[in-house]
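Dropping the structures in below, format is structure tokens.
Both complexes shown next keep chain A, but they swap its partner, so chain B is in the first and chain C is in the second.
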Partner chain A sequence: MRWQRDLASWAVMLPGLVLFAFFIWQPLLEAIRLSLYEANGTRVVRFVGLDNYRFVLTQPDFWPAVGNTFLYLLWSLIIGFLLPIVMAIFIHESTRGKSLYRTAVYLPNIVPSLATVFLWRYIFKSDAYGGMNMLLGMLGVAPQNWLNDAGRVIPLIVVTMTWKGAGATSLLYLAGLQGISPELYEAAVIDGANVRQRIFHVALPQLYNLARTLLILQVIAVFQILYEPLVMTNGGPNNASVSLMQLVFRYAFEKFDYSRASAISVLISIVLITLTLVYNKVNREQDM
Partner chain B sequence: MKKKHFVGAVRPYDLHNPRVRVGYALMTAICVVIALVAIMPVLWVLLSGFKELKEFNRGVKGTDNRYYLQLLPASFSLDGYLDTWNQMKYVRYYLNSLAVVAGSVVCAVLFNGLLAYGISRLKPRGWKVVWALIMGTLMVPATTSIVPLFINITRLGLGGSFLPLWMSMGASAFYVVLFKNFYDAMPGSLLEAARLDGCDHWQLFFRIVLPLSMPINIVIVIYAVNAAWSDFLLPYLVLGGTKLETVMVRLFTYRTSDRVNNMDIIRAIVFSIIPPIVLFIAFQRQITQNVISAGIKG
Partner chain C sequence: MKKLVAVLLVIMLSLTAFSALGETVLKLGIYPEDVDTAALEAHEFFLAEFAKALPDVTVEKAHYKYAVDTFVAMAEAGTVPTIFETWFTEPQKLIRGGFVADITDELNELGWTDKMNPTIRSLLSDANGRIYGVPRDGYALGLMINAEVFEDAGLVDADGLPLYPKTWDELAQTAVKIKEATGSAGLVLLAKDNAGGWHFSNIAWNFGATLESQDETGKWHANLNSPEAVAAMQYVKDLKWKYDVLTADPTSEDWGTGFTQLGTGAAAMYIAANDAVSQPTTNNGLPVDKLMMAGLPAGPGGQYSLFGGTPYMFAANATPEAIKAALKYLETMGKAPVLSDPAKAGLVADAKARQTNGTPVINEFPSWTDADLIAARQAVVAEYSNVDTRMFQNYFDTVAKEGNLRMEEPVNAQDLYAELTKVLQAVVTDQNADVQALMDTANTNLQQILDDTVNK
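On to the complex of A and B.
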């Protein structure tokens, strides 16, 4: 019987489906519902329409958080997007120490993210014993203000993220470069291409699709930046590094205002889903 | 022999050109610097953990009676590490983390594997809906659901227990995609033969599919160990303030605590990165090769 077979198959998938429903799908729908209600702790009180959205949008910390989130995005593209590509090319071209470089650059990726931000909080401490200031001290330079400086804090947090992520990303690009047969380069040599031309016209085009995918993944990840500012600066100095996700954290777990927390997370999701859809559409048009 | 190592855009004969040689030397120098930047922070925190509080904050007194901060600790005695370990009762946090990791790995392989098996091989009517939902899940930011999820867990009285942390690893869209890709490529004849021998779906999965999927199982185990060890937001919400706090939850509570001194935090950082580093050294090849190729395909 077909329906009996189907039933037995669904039984196999049931445990997984229940977990997805409990941990992801139901909470997602619940977040949308919660954002439209007034809640007292975890108890829903009454439907208030878009009031929660109106409230969070008019708070003094909302637009700075939006601006900061886009600054994180901008800096992460400036510092973090091209670096892994350059690293991959350099490691690929190296004739000696290749496996040593690979191991070294991958090391930061296995440091848990929470440990990474604590570690870098110490590196960027403004006291003389902070890692960077210690290094400067050895060179005879006076201690600097790092994370306490509103103009520097976002790029410095992005440096931390890049330190953790760039190595693993560069190994992805490296895998792409290894797929290029050396004969292609030889053919380019015969055509009279110099080293720079060979990199730009033979190597880089092979990385184009991967770079496109990693770009959108990076945008999605950075848009949700939370624990870097949470741990390194707690959003400071003076909200100069507070991110959108951090507002969710503040509403939910410091003010216990779950409805308004949900309102912001729904807004974030809408932005990201729109971005992904636009990206997919553009991609499809380009591929045709 | 040496010629074989030139696999990129620079060919061996290019090095006869002095300009290429300068560029190549510069590139090697940059590679060394990048490797150092990658390693130094970890090395710095490991070395700092040996220092005493005063030595860390002020440095060591030089012959001119001034204090100098230096990279290397005055002594490599493990007493400082042991003090923090005992005072902060790290044995308990390690055991808790171990319990979280072990349960999470089992759930990650079992539940995502079964679901992917259904989608990939059984394909009951309606499977496409499930697949679309899972692919959609990949697109939605995971952090959106954390608040309602936390409320659900509290309502069910599951706060202060490992159970929700274990189970949450059984619902990973990324792992399902990886498993499905692997199962899709499995030869159907094997499964068909076992089915004719009278195996039902469950026996087929546990006796044939799971044992034959070792390469992908290993990848998922490595991912899940890492994720379960490093996760702190859900563990903090579920376990915070109980006796079941993990190493990461402990570290996270240092975020705002003023009473903890620098050395205890530095050593807490070290305690949280030692297990992953040991695993990395032990499984370096599998991690830098398998995991990456799986990541690309997935």
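On to the complex of A and C.
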């Protein structure tokens, strides 16, 4: 009987569905509802329509945070998007020590996130005892401003994120590379292709779909950047590194204003959903 | 065997349920952490005294260190302890959110309302004058000094006491001498979070600024770009670029790291309050007799000290009985305007705990105006004193001056501090920062926030 078979499948899915509903969907809907209400804590007081949205949009920190968030995105694509691909190809093409490299690139990823951030905060400290400045000091160079420089702070935070995340991503690409049929390589070699040609005409085209997916995942992840700037700079200097999620954090945990925190969260989701839809549409058109 | 266990369980459960009926449970969030042995000893004594007074009340030791990321969840779940200690920044926010209990009736019944320092009472009340907390103690900002660093720099008088600065100009000069002689920073300036703006608002007052004002229509105005406020910010900028006497990176300094810098001698001076004397000493290793406190230096606009109180507050769902029990416990601790025998013993226990911990035993700010209590506390402080009182003389003399104590700016104080902190970050990281332009922007921003909130 069909329904019996269906029932079994539903039963298998049930725990997952319940957990999802409880931990993901319900809070998601609750956040949307909360963003339309005035609230004490999470107890709604009255419906205010879009007032919370109007409020957060006119606050002085909002637009700097929007600008910064897109800057994080831009820098993360510049610094962090190609690097894992390069690393993966390098490991794939190396003839010795492959497993050593594989382990090595993944190591930063097992360092707890906060430890990573503290480590790099120390490296990029702007006084004479910061890691970079001590190295420069050995070369006789005066201490530089690192995280304290409004123009450098975002790329430096992105370097931190890349150091932590690139290894894991490169393993995904490596898996993609190893999934390429050896026959393609053999054919290329027989036709006299060198390493460069193998990379550009065999490996990269095969990675294209994977890269496309990872790109949008990276966009979504970086857009929600929170704890790196929160811990490294607290959004400073003078808002130079404040992110949208940090505003959410401030509304929720510094002001206990969950309605406005929800309003910004909903705005972030709208931006991300829009970006994803546009990206998918462009991709589909390219594929046609 | 199984059956027997089951029967026993049922009996035990029903007994618990029965005893829970009508019983007052006091969840004591102010009970110390397990590691703080000296404080624990004092609280065990308080508990014993408390049990004599209210034997029917069940006390749960529920140490809770207030934290903004746990509080709302606990409040919504109804698990906030009956009484907890919070920060001076929090009362109005907690009152507005309905997270804390109105204790006006309980205070009136005990006759404590009129004995509460009126300034502190207003900090703990809503617009209708209902009261939601009691002060643990009052505080006023002053200048904390690491006497060891001053000694190393040779900045001591004939009696060996540090030559503390009396004006902001002198502070800069003193700081330069310290940096030259010892290599330690002269002053810890905070620029990481809102505490930076909080300290700066006090500097600005002494330069003659008033940062917020209300016109006759009731509208609030931001006043961050007045010549006085700009001069104060310029002074801070000079501390960094002209005198170069700050710690290496003010944007990484917050309330806690400031005490570390001061306590370890990496810096000589720090703006801090009398209720935090355990921070440089007990927590960061400065010998108890090497901490000095002076009044905050005077500036061209006068001499003011920012004044407030650290409150105890009560869970919104606490019963009147539980609140009364909590207030009784405070009485036992000597934190109430009642000088009972347990309270006297409590004062002694507290002073002894401070002695053991190497925390200066100094006078508190009178947050209650009960003369007997104040006299008794002074007597205990005199008896158990572990410091040279001359080291704290200028601080207490300064704050006792008429008109020296000043409440923080009245509306959206945290937003004000946030705007000022951004400017601080800009001026200590950029030598070419345009102070006037930055203060203009901060002023526009704060005005926007005021217009969107209190002026609406």
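Assume the second predicted complex is superposed on the first by the 249 of 288 C-alpha atoms of A that agree within 3 Å, B and C clash if a C-alpha of one lies under 4 Å from a C-alpha of the other, contacts with A are read in each partner's own complex, and residues count from 1 in each chain.
As a working rule, a contact is a pair of C-beta atoms (placed from the backbone, for glycine too) under 8 Å apart; a residue touches a chain by one contact, two chains touch by 3 or more.
Note that the structure is predicted; figures quoted are calculated from it, not measured.
In the superposed model, A:A187 makes contact with neither chain B nor chain C.
In the superposition on chain A, contact of A:V141 is made with neither chain B nor chain C.
Contacts of A:F253 after superposition: both chain B and chain C are touched. In the superposition on chain A, A:T42 contacts both chain B and chain C.
Looking at the shared chain after the overlay, A:A175 reaches chain B, while chain C stays out of its contact range. Judged by the touch definition given at the top, the superposed model places A:L82 against neither chain B nor chain C.
By the document's definition of touching, of the two partners only chain B reaches A:I91; chain C does not. Residue contacts after overlaying the shared chain place A:V278 against neither chain B nor chain C. Once the two complexes are overlaid on the shared chain, A:A150 sits against chain C while remaining clear of chain B. Counted by residues of chain A touched, the larger count belongs to B, out of chain B and chain C. Where the contact sets of chain A with chain B and with chain C meet, they give residues 42, 127-129, 234, 253, 258. Residues 40-43, 55, 58-60, 121, 125-129, 145, 147-150, 233-234, 236-239, 253-256, 258 of chain A are the ones touching chain C in the complex. Per the touch definition, chain A reaches chain B in the complex via residues 2, 5-13, 15-17, 19-20, 22-28, 30-31, 34, 42, 87, 89-98, 100-108, 110-115, 118-120, 122-123, 127-129, 131, 134, 137-138, 163, 167-168, 171-172, 175, 177-178, 182, 185-186, 189, 195, 198-199, 202-203, 210, 220, 223-224, 226-227, 230-231, 234, 245, 248, 252-253, 258, 261-262, 265-266, 268-269, 272-273, 276. In the complex of the two chains, the chain C residues touching chain A come out as 68-69, 71-72, 75-76, 93-94, 96-99, 191-193, 248-249, 251-252, 414, 419, 421-423, 425-426, 428-430, 438, 444-445, 448-449, 452. Residues of chain B touching chain A in their complex: 2, 5-11, 14, 20, 23-24, 27-28, 30-31, 34-35, 37-39, 41-42, 44-45, 48, 56-59, 69-71, 107, 110-112, 114-115, 117-119, 122-127, 130, 133-134, 137, 139-152, 154-155, 167-168, 170-171, 173, 176, 200-202, 205, 226, 229-230, 232-233, 237, 248, 251-252, 254-256, 262, 265-266, 268-269, 272-273, 276-277, 279-280, 284, 287-288, 292-293, 295-296.
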